Amino acid sequence: MRAIKASQLLVVGVASALVLSACAAPADTTEGGSGSTESFSIAYQGPLTGADAKYGEYAKAGIEIALADYAAAYPDGPTVTAIYSDSQGDPAQAPALAADLINNADVLGVVGPAFSGETEATEPAYSEAGLVTVSPSATRVSLSEQGWSTFFRVVANDGAQAPAAAKLLTDVVGAKTVFVIDDASAYGVGLGDGIKDALGDKVIGSDSVEKGSTTDFSATVTKVTASGAEAVYYAGYATDAGLIQKQLTAAGFEGTYASGDGSLESTFIETAGEASEGAYLTAAAGAAGDDFVAKWDALTVSDKGSIGVYSTEAYDAAWVILSGIGEGNTTREDVLAWVAGYDAEGITKHIKFADNGEIDGAGGVYYYLVKDGDFEAPVAID
Amino acid sequence: MNNIISGLRARLAPVADRVGTALEPVGRVLGMKSVKYPLRTVGVLLIYALPILHLPLINTENSDFSGVLFTVGTYVLVALGLNIVIGYAGLLDLGYVGFYAVGAYTVGVVTSEHGQWPFFLALPLALVVTMASGVLLGAPTLRVRGDYLAIVTMGFGEIIRIVARNTDWLGGAGGINSIPSPPDIGPEEGLFQIPHLSWQYGYPTIDDRVTKVLHFGVLDATPYFWMILTTIILVICADMLIKNSRVGRAWEATREDEDVAELMGVPTFKFKLLAFAMGACIGGLAGAMYATRVGFINPPSFPLMLSLLFVAAVVIGGAGNRWGAILGAVIVAYLPERFREFADWRLLVFGIALIVIVSFRTQGLFPGRQKKRVAQAEKEVQKLEEGAEIV
Amino acid sequence: MTLLEIRDLNVNYGHIEAIRGISFSVEEGTITTLIGANGAGKTTTLKTISGLRKVHSGSVFFDGKDITNAKPYERVKMGLTQSPEGRRCFPGMTVMENLEMGALLRKDRRSAAYREDLERVFGLFPRLQERVKQAAGTMSGGEQQMLAMGRALMARPRLVLLDEPSMGLAPKLIRQIFSIVDEIKAQGTTVLLVEQNANQALKRSDVAHVLETGKIVRSGPGEKLAADPAVKAAYLGGDV
Amino acid sequence: MEFLIGNFAELTITGLVLGSVYALVALGYTLVYGVLQLINFAHSEVFMWGTYAVVWVLTLLGASGTSSLAGAAGYLAIALVAAVLMSGGVALIVERFAYRRLVRQNAPKYIILISAIGASFVLSEIMGLRDKIAGFLGLQGVLGDYVNNPRNTSTLPVEIKPEPVLQIGNYMVRDTELLIIISALIMMFVLDQFIRRTSFGRQIRAVAQDPEAASLMGANSTNVVRLTFLIGGVMAGVAATLYMIKVGATGFNVGFVLGVKAFTAAVLGGIGNLRGALLGGLILGIAENYASGILGSEWRDVTAFVLLVLVLLVRPSGLLGESLGRARA
């Protein structure tokens, strides 16, 4: 009997739904109110679980600090909370998450998407919905070339990093021959190809190792040592970067090792061990200042992430949106306009966006030298 | 053809009768003699209506429900295809994601990377290409048996992904972006608009969201869900026809005992290849729809792990039973989205669930009907064994 | 003294009753034979005694102890081994390794008693000694049968179950196998024999039982059953 | 090609090193397959847990800094014991919870495969969530360093510096490389003798060939299966130690990738065949290196699988055939 009742109910439910939809006027679901009683959200889209979860953790630290700063700077402004949307960095999962954020009228801006792949998959929707996104870490060059009105990033793209990295290798390191390795990811190939273009015939060899598919790089190591290159640049992520350097050193390679922003985290030094001494890491990101770390320490929220690469960029991205809300922009349209016209000093660089959403003037590209088991303060490459 | 239809009818009649009998009281209440067709229609309509009803309990938090339903739809489609390979023909394919990728890449290449074909023209091409790739991969590999096939297919799945990554013509590591949505049918505003329900206050109210029918925008996944649901229904119909035809019986014979099937004149290799190609084709269909919905594909979207999830879907549902495969797909695709609040624990819980489900339902949740028959027969065979002594 | 006792044994396969309430006992130092047509339940009875099949009801006693629910290896330890139907030698192992498998649970691998048993088996089956290093899978059917029996004896059992030892063998070999069965008995091991080759089996049985569709329909001393016209008509027709 | 010839010795030896690890892990797959005809998908995680045992025990012992291989020998011996215990234990747990019930019920192979895949997820996720699990149990304070950053790479606290010891061709072989190859060969030899000569080994082979006949001989098949998993786990533990000596870093997801390769190696050599696992592992390791050298590292996995398909087309049951039972195993 129970089953019958349920199916009857369903039938009735469908019928009434159709009837309702036919005659009822759309109900107003947005809440009215003004001043400090209003509440809005900013969202983060990126990996919070899965293999890349640490990037989400790092971004979370920046966003939480920005929220605390916002509450201090605009005590009378609307209440803003953060929604963390866990895409795992996966283009397949991201669209449904983005749609949910778009359907949530409280969300006025998105910090993210964190990765380039998920950006490709979700930005068309954000763009159509007019929900502004400011990415702290999606660096693929092509992202700004697709005419998305809502796409902004506070980080220089791979195109800016590559020539600077090439310059580091030739001018600072003084290498005459360079071996370029990429990790066959979209990021690694883009960066690696950029460096090869910039170095021209100084590149005496290259190889491509798949991210995470092996921990044994002996064939690559053999290639490097056989080529006699004075420097190696690895375009990829920290663990593999560390393993390659360690195995290179073990095989007697004595040249200079360099890698990019994907490797700029302690994992690289831990993995490479002593071999990491004297390695260069390039990034279009400055270091988190003591001030930033102190603010993070002072945070009282229970889950405040941790500071790492792109934490400061996440802060800047969040701040661009939050300051807009604080200044009284409480519709998506206004926030979008605010971000597009933003022109102020951020903690990583001066933030002003070009029409395509790229950071104007690209900010600087820095290198970090590994010394005594730690990254030294960044030095601008110019 | 007549054969097929009468076979189909004979096969379905008892099921329909059983359903009819079970639902008889409902019919009496509604004052109808037979309710199975109206009821089934309502059921299908209800599934179509799911994305706009946003029913509490099954609605997903933090993840757009129609988007989730679309994802579930792709898994269901994939599971139907893989069920032909694993369930009907008994070939363990651990590289099925390869065909999914081929379908997606075909659409990506002809609609965005190297052409501007409309989606509905690219779709048939994707079917042809995946079917061809199924034959191409199947021809050499299907000669190896059993578990070797599993590892070889797994290898092919990986090869497809790596080749896509290393081939610039296929977009390389960066993948293919700006894959267009299917063209709208009818006017820009959709044929008509359907509002969504909201359960914000515990009872249904009309939300201000509307879905434009047959308008494939990037914001609303509902039309895509309807597209894939319609495809699923068509595939199920085709699946029923084939399963009950001579081909279906040949698959069954091949699966149960390849040598005996050969002796009875079944060209087993041909039939295995057919199963492989058909499975590939349906997997490609799912991949094509995925590509046009997400608009962006790259090699990491097709990891080996996905193959394992697909196999898990088919097997926990009950290999050989299409409804079981569908249920399995729903479990594998929907539950992780529904229970997003478990966030980091999802894969762990999923792993535990896999172990628990299979250890209590050793034939899957819904074993195929012939599987049940086989299980029954095995008991009898054991008795006959006794008499099969060679003198 | 009664070595093995079966009481009211019932064994089912699914819903099919393979053994329906049989009872019999095996006296120490004798040869007991079960004969019957295909599907009568002979092999099932032996598998149940060895613990490969679960009992539905009834009980099995060995040496006065209830072993109805004992594991196969526990029964082997107590001195109950079987040479299974179809020989079932380990094809990938040498003759010696197969014999050693038979003595798996013995702890006295280095003792004189063990060597004695090995000598005894080689005495019974000289062919095996010639082929100690040959893989069992490459030997003829008769040789494999000898190996299977020798293997069962290596555990130094008190009761050995022989399931169709003459199956598929040439007449000359069959006679040889049966004379070895006599020899085994003479050396003091009790034998429970299952045979289709009823004539040869009955001749040397102290007691025999006729099984039909899971039931014992006739019992008696072997010679007497062999003379029974009904048994003769049913089982001794075209026998060797 | 010129590159291959010029660096033949180096590519071959480093390939052998890689192949040795594949081979040791492949043994776990091949043993379980030999006895149960099942692919133990969770075996890769058994290896992964072993690598963590190495890291943890060295952290516990307070090892730090850098050391030569000989200098760290004491530490490594203890780590080896820990890894073997850990991997062996995890293998037994897998057998108990993912296999035993299903094998007893004679469940279809696919079902057992799914159970194994489930176990694989569970094992790697437990490792990846160990901080949260420790927090849940209130042990975070006690376990501290051992459960931090579970999704990140964990590195060996003492860094082992390889020293060149032996010139082969134009390549100076490092001591670590020599150790790995020799250890793998020794382990293979020991295992081979164990399976061939001991009573336990004979039981394993007997159950592999005919489980019912084996139980008539008094073999306890539950114990044999357990033993098989245990041996596979022990070998994975040895592999894990060697792996950590060479690579020095691990992560919760290192098992999957290596497992796929090791399994491929087992099939290549003939699954169920111990010597096949060794041969398959070594060939795969070398082939991957040669292919990376000639075609570029991005093609190495493709090469591995293409090699497998080609071998299976010519020899449908692997290079040496399936035969855990053969007299000459």
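By written order: A, B, C and D. Residues from 1 in each chain.
The criterion applied here is as follows: a residue touches a chain if its C-beta (ideal position, glycine included) is under 8 Å from a C-beta of that chain, and two chains touch if they have at least 3 such contacts.
Owing to the predicted nature of the structure, the values given are computational and were not obtained by experimental measurement.
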| query | What is the minimum number of touch steps required to go from chain B to chain D? | reply | 1
| message | C-D versus A-D: which interface comes out with more C-beta contact pairs? | response | A-D
| task | Using mean C-alpha positions as chain centres, tell me how far chain B is from chain C in Å, no decimals. | result | 54
| chain C and chain D: spacing of chain centres that average the CA atoms, whole Å | 44
| query | Distance from the CA centroid of chain A to that of chain C, rounded to the nearest Å? | reply | 75
| message | So the centre of each chain is just the mean of its C-alpha atoms; given that, what is the distance between chain A and chain D in Å? | response | 36
| note | Among all residues of chain B, those touching at least two other chains are 162, 165-166, 344
| request: Can you tell me which residues of chain C touch two or more of the remaining chains? | output: none
| said: By the touch rule stated above, which residues of chain A touch at least two different other chains? | reply: 53, 184, 208, 210
| field | Touch list for chain D against partner chain A, complex | value | 3, 6-7, 10-11, 14-15, 17-18, 66, 149, 151-153, 155, 159, 161-162, 164, 172, 174, 176, 243, 246-249, 251, 253-254, 257-258, 288-289, 292-293, 296-298, 300-301
| task | Give every residue of chain A touching chain B within the complex, in rising order. | result | 1, 4, 7-8, 10-11, 13-14, 16-17, 20-21, 24-29, 48-49, 53, 83, 85-86, 90-93, 95-100, 102-103, 117, 120-121, 124-125, 128-129, 140, 142, 146, 184-186, 188-190, 208, 210
| query | Across the complex, what residues on chain D touch chain C? | reply | 199, 202-203, 205-206, 209-210, 212-220, 323-327, 329
| Okay, in this complex, where on chain A does chain D touch? | 50-51, 53-54, 184, 207-210, 212-223, 226, 238-239, 242-243, 246, 250, 252, 267, 270-271, 273-274
| Touching chain D in the complex: which residues of chain C? | 50-52, 71-73, 76-77, 81-82, 84, 88-94, 97, 100-102, 104-105, 109, 135, 151-152, 155
